[in-house]
Amino acid sequence: MTNYRISIADRTYQVSIHDNELEVNGERITYDTDSLNGKGLHILRRQHRNVEAHVEAKQSGSYDIQIGGNHLNAQVAVGFQNPQSKTANSSGRIVAPMPGLIIDVLVKIGDKVKQGETLLIQEAMKMQMKLRSPLDGIVTSIAVAPGAQVEKGILLVSLQPAG
Amino acid sequence: MTNYRISIADRTYQVSIHDNELEVNGERITYDTDSLNGKGLHILRRQHRNVEAHVEAKQSGSYDIQIGGNHLNAQVAVGFQNPQSKTANSSGRIVAPMPGLIIDVLVKIGDKVKQGETLLIQEAMKMQMKLRSPLDGIVTSIAVAPGAQVEKGILLVSLQPAG
Amino acid sequence: MKVLIANRGEIAIRIMRTCRELGFTSVAVYSDTDQNALHTRYADEAIHIGPTRAADSYQNIGSLLEASSQIGADAIHPGYGFLSENPHFGSAVEEAGMIFIGPSPESMAVFGDKLSARKAARESGLSVLPGPDQLLSKDRQDQAIPPELSFPVLVKAAAGGGGKGIRLARNEQELQEVVGLAQEEALAAFGDGSIYLEPLVVKARHIEVQILGDGRGGVLAFGERECSIQRRHQKLIEEAPAPNLSPAEREYITWAATALGKATSYRSLGTVEFLMDEDRRFFFIEVNPRIQVEHPVTEMVTGIDLIREQLLLATTGELQLDQNAIQLRGAAIEARVLAEDPEADFLPTSGEISYLKEPGGPGIRIDSSLYQGMKISADYDSLIAKIISWGPNRQTAIQRLRRGIKEYQIGGVKTDLAFLAKILESHPYLDGRITTSFLDDHRIEQDVPCEEVTRDAAIAAALHIHKQQEESKGGNTSSVDLWRQTAWKEQIRSGSSL
Amino acid sequence: MKVLIANRGEIAIRIMRTCRELGFTSVAVYSDTDQNALHTRYADEAIHIGPTRAADSYQNIGSLLEASSQIGADAIHPGYGFLSENPHFGSAVEEAGMIFIGPSPESMAVFGDKLSARKAARESGLSVLPGPDQLLSKDRQDQAIPPELSFPVLVKAAAGGGGKGIRLARNEQELQEVVGLAQEEALAAFGDGSIYLEPLVVKARHIEVQILGDGRGGVLAFGERECSIQRRHQKLIEEAPAPNLSPAEREYITWAATALGKATSYRSLGTVEFLMDEDRRFFFIEVNPRIQVEHPVTEMVTGIDLIREQLLLATTGELQLDQNAIQLRGAAIEARVLAEDPEADFLPTSGEISYLKEPGGPGIRIDSSLYQGMKISADYDSLIAKIISWGPNRQTAIQRLRRGIKEYQIGGVKTDLAFLAKILESHPYLDGRITTSFLDDHRIEQDVPCEEVTRDAAIAAALHIHKQQEESKGGNTSSVDLWRQTAWKEQIRSGSSL
């Protein structure tokens, strides 16, 4: 028996899988299902409908699901572990919103910055964009220099909130 | 170092693969190659051309290769074993030319048959076809009965050549 | 409007596409084998109708009516093949209170039987091939063939269609041999073993006219199609318009098809088929009372979605167009992609689709039910996809179709694609010198591939096996990564060539 | 004729398709990242031109000329973007003795610079937006904006095109902020940091006319396109013809585009772009001296392959058509499939294409460079495919495009497909109430999926993870096989529902 807690679009489902039984939120499900290729194409045959879903693992615990023209994100916890968020309050963390090139870093460690102030300029797809401070604070670390090629989600600058 | 003897369209190639070296018929090859998916899509980057080949295993030692609009069959022996054909002379073996249903068996064991005489009737894709004797001979075994669903290549009837 | 499509494969998806565009709810039906088929996933709803054998599922009227009632269908579209020409099916659907998207039971009765169809055509003033308007009995050893016929003759199923169940007999002995087989085949395919004889017209062209009737004498004609390229009496390549027809010839067959439709108060889509003999005389052969495999070429040159017109007619009772709105533009050609091996007498092939890349770009339309991971079996028809090209003229349409065929990559199952390409490169085809014996008269052979190609193929095969073996040894690092160290840059710099 | 295509992605394949149809040999060029890209395998020949950074490969004139010489190209097609509007490239190609498939260096000089283009248009009698015909200096803090302009204004790259490098400034402070960025962006994208100001026309429509000139004053016009649906000044959905234009309006812009082409002896394909303001006045904006992303909608309504006409003109020197041969039929719409996340301000997405199923059927054309296993990176433009529909009228074209978008399955990378579908379902779009501020005026939001869908998604996710884990445990038997024992037949019999 394996339990999964799955959150999609503000809804949470508890799915249990054991041998050939499948329960959703405690209710026994009698769908017939198939996996068609090794790449995440699943078919759920419900009573009067065949539903096709493509599942794709993204970051740990995060899955992309394409189903009926919808492109959904699912957060999955296996075994009902409570996903106790140990990540720090991230509001002081400026991460790369997309892969690309750092064109300019406009601050240095110790700088006081105001909310909305431009901290870095990043370029991707030939478009430049300003990465602004989400709060008033002090720059505590800078992880990149101009010319750096960064992946999406990489920490660029850390701030200590003011006050 | 692994050696492969590969026969395609009446031509035979001896290909040796060892670490990052590839030899064809004793000549060192400097193609750059890539495999794009787990399903047999290979790209050979030659000097002024990128060639795409899809390789598919069929029966043991037999491969389908799609390349440049050609659909080729390759017979492969690994390690230069001499493919000493131990299979009996197959001219007396009537095998199913395609998957399908055996509609009728017109002979029985011990029957004398003439070349061209109809031995069985098979149906596939709603088309019936007569399977005829390739030679004059005697029926020595019958492996199927009317109503049997057969795979391609399955032995149906064996004949002992006359004389 | 909820439409159940009593079919499978590409035609089921074709019909569902138009349903979706019109906002109609589509319902797929499926047999055991087809439980994951693309048409079951394309439809808004799907329902199981029985085991793999078609007689127990796609041809099972009882199962289909039960499924329709269970799912609350308003209408049923039969597609082609299966029950599409079965007069009992249309009647049963209408008796169950649903709309049958096809000919009326009366039209079906006239044209479902090929002999009564000949009679109707003769009465409408159409020329009909000589031959008796009666069935052949099974035990006809004692009978001579009728005096109006001479060998060679074709043995055809009276309830037939789509070229199935046709046998050639060149002499009395062959005739005796094939009669039994033809009857059994007809019984298996159409549930009716009746057969009849027709003269074989040599160097004939097969030309047909697409019509749509409202069942009250209103009939539209959508131009003609040339379908002479056939193997085993089944069409392989079709085009619209037919090449080299004079305006008078085109006018004649359009008139003939329309007249027959009007005279029989024909309802829904239908195709009036003609043979044109060496002396350019047209003979009526039969009416196919259903949508045909090759309908897309007519759609490409008219710009009209035939299924849309058919669905709207069936639901409103009225034709949505008038004849003036049907204007032809350019030329279109369809090639049938078959799971068959042309080098082995077109025997069916099977396997799993391991790689799929379908063509695109200007002037190319794909009607397909393929998907990666699909298992092709010999349970049903071998037609797995259609590629259709359009061009401002026939030459451009041919160039495009060749280009599209070359783009089509179907891994895992042998198809006729390379063979289709060879036909489209052959001089008689390019010149429009097409007859139904094209493939007998012109041997279409595959080229022996050049040495460079077989050498590359050998390298690819060796790499593939090597990679598989290394992976099965458990390592995650595949050998191919190592090849990349043999940098191409060095080769280019050093100018080394093979 | 050997044609080197100095581009990548869908447009490279688009051009190669026509080369193949014409029997021309096509040559692909590729950077490091693109060594396995589809265009390198589609071409008859392929040659490496440098590292991933476009400035070192696709925008490197030296590399391209060296590659052309090495491979013996007769002609070069620049596609769109990259060097397509760079006047030095065309000259260098012609000086190297090859045919440049694009405008003459003279045309390029006139239209490559947006200010001289305005001048040429004014001289041909076209209305031009107010504004000074001069560049903006970088340090303009002290200058007031010119008296003929008032805020808001657009800051545009003089060497620009394709909507890149355009910035909005609503007041003096914003203008000061964006000038520097706009200059840097222009320099990075076009190798020229010159910028100028243009008034922002509110509730404007972007309408453009496709022309083809022979360089000696012969000019054909292929009708207009409506390209008002834009995000970040870049087109997202385009159609032909432009909805709700009066015959007089259509005649005016056709005249204007043709007049400008004739006056400048324009050579090759080009697009004359206009803004139509709220009072239905047309203003010339610029000429795009190249093939455009949205050219397929014109091809669909005219039935003419623009690349074919362009290639034949370049190789023969003569136009192959006359204006009477250009007749419009029906309506066509293109939607750009982008590796961008519309819910995250259209930021580029990346990943590997794990599953691909492209649309087909009547009236759908796909121009794509996608393949299963392809890695999408942010190195180049985010346009990964185009889906184009045709219908006998705009409504049918919209229904088809929606249907086609719903069929498009691209696994592994987030795209704008669902967003495109929502636009095509919105009332203002259906009514043809389209302006360049469409996406600001009408908030296009994704529906919250219904409970049934999220529930199915959750089950699919659980199954997927479960299966992966069982496989990683080493067993070959996947858990999903076990599910099949829960036979659907029983459910249907028992009538159990969820």
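As written, the chains take the letters A, B, C and D, and residue 1 is the first residue of each chain.
As a convention for this text, contacts are C-beta pairs under 8 Å (C-beta built on N, C-alpha and C of every residue); 3 or more make two chains touch, one makes a residue touch a chain.
No experiment lies behind these values; they were computed from the predicted model shown.
Enquirer: Which other chains touch subunit A while also touching subunit D?
Expert: Expected: C.
Enquirer: Any idea whether B-C or B-D has more C-beta pairs in contact?
Expert: B-C
Enquirer: Taking the mean of the CA coordinates per chain, how far is subunit B from subunit C in Å?
Expert: The separation of the two C-alpha centroids amounts to 29 Å.
Enquirer: Could you work out how far the Cα centre of subunit A sits from that of subunit B, in whole Å?
Expert: The separation of the two C-alpha centroids amounts to 49 Å.
Enquirer: Indicate the whole-number Å distance between the mean C-alpha point of subunit C and the mean C-alpha point of subunit D.
Expert: Once rounded, the distance between the two centres reads 37 Å.
Enquirer: Among the residues of subunit A, pick out those that touch two or more other chains and give their numbers.
Expert: Residues 32, 34, 37, 41, 45, 51 of subunit A each touch two or more of the other chains.
Enquirer: At which residue positions does subunit C touch at least two other chains?
Expert: 35, 355, 371-372, 406, 488, 492
Enquirer: Flag every residue of subunit D that touches subunit A in the complex, lowest number first.
Expert: Its residues touching subunit A are 164, 181, 184-185, 188-189, 232, 344, 347-350, 354-355, 377-378, 380-382, 406, 409, 411-412, 414-415, 417-418, 421, 448-449, 451, 453-469, 478-480, 482-488, 490-492, 496-498.
Enquirer: Which positions of subunit D touch subunit C when the two form their complex?
Expert: 13-14, 17-18, 20-22, 35, 42, 48, 296, 299, 303-305, 329-330, 355, 357-358, 360-368, 371-372, 390, 392, 396, 399-400, 402-403, 406-407, 488-489, 492
Enquirer: Residues of subunit A touching subunit C in their complex?
Expert: The contact residues of subunit A facing subunit C are 32, 34, 36-37, 41, 43, 45, 48-52.
Enquirer: Quick check on the complex: what are the subunit B residues that touch subunit C?
Expert: Interface residues on the subunit B side: 2, 4, 6, 8-9, 11, 13, 15, 17, 19-22, 24, 27, 29-35, 37, 39-42, 44-47, 51, 53-57, 63-72, 74, 76, 78, 97-100, 103, 121, 123-128, 152.
Enquirer: Using the touch rule from the top, collect the residues of subunit D that touch subunit B in their complex.
Expert: 28, 35-36, 40-41, 43-47, 70-71, 371-373
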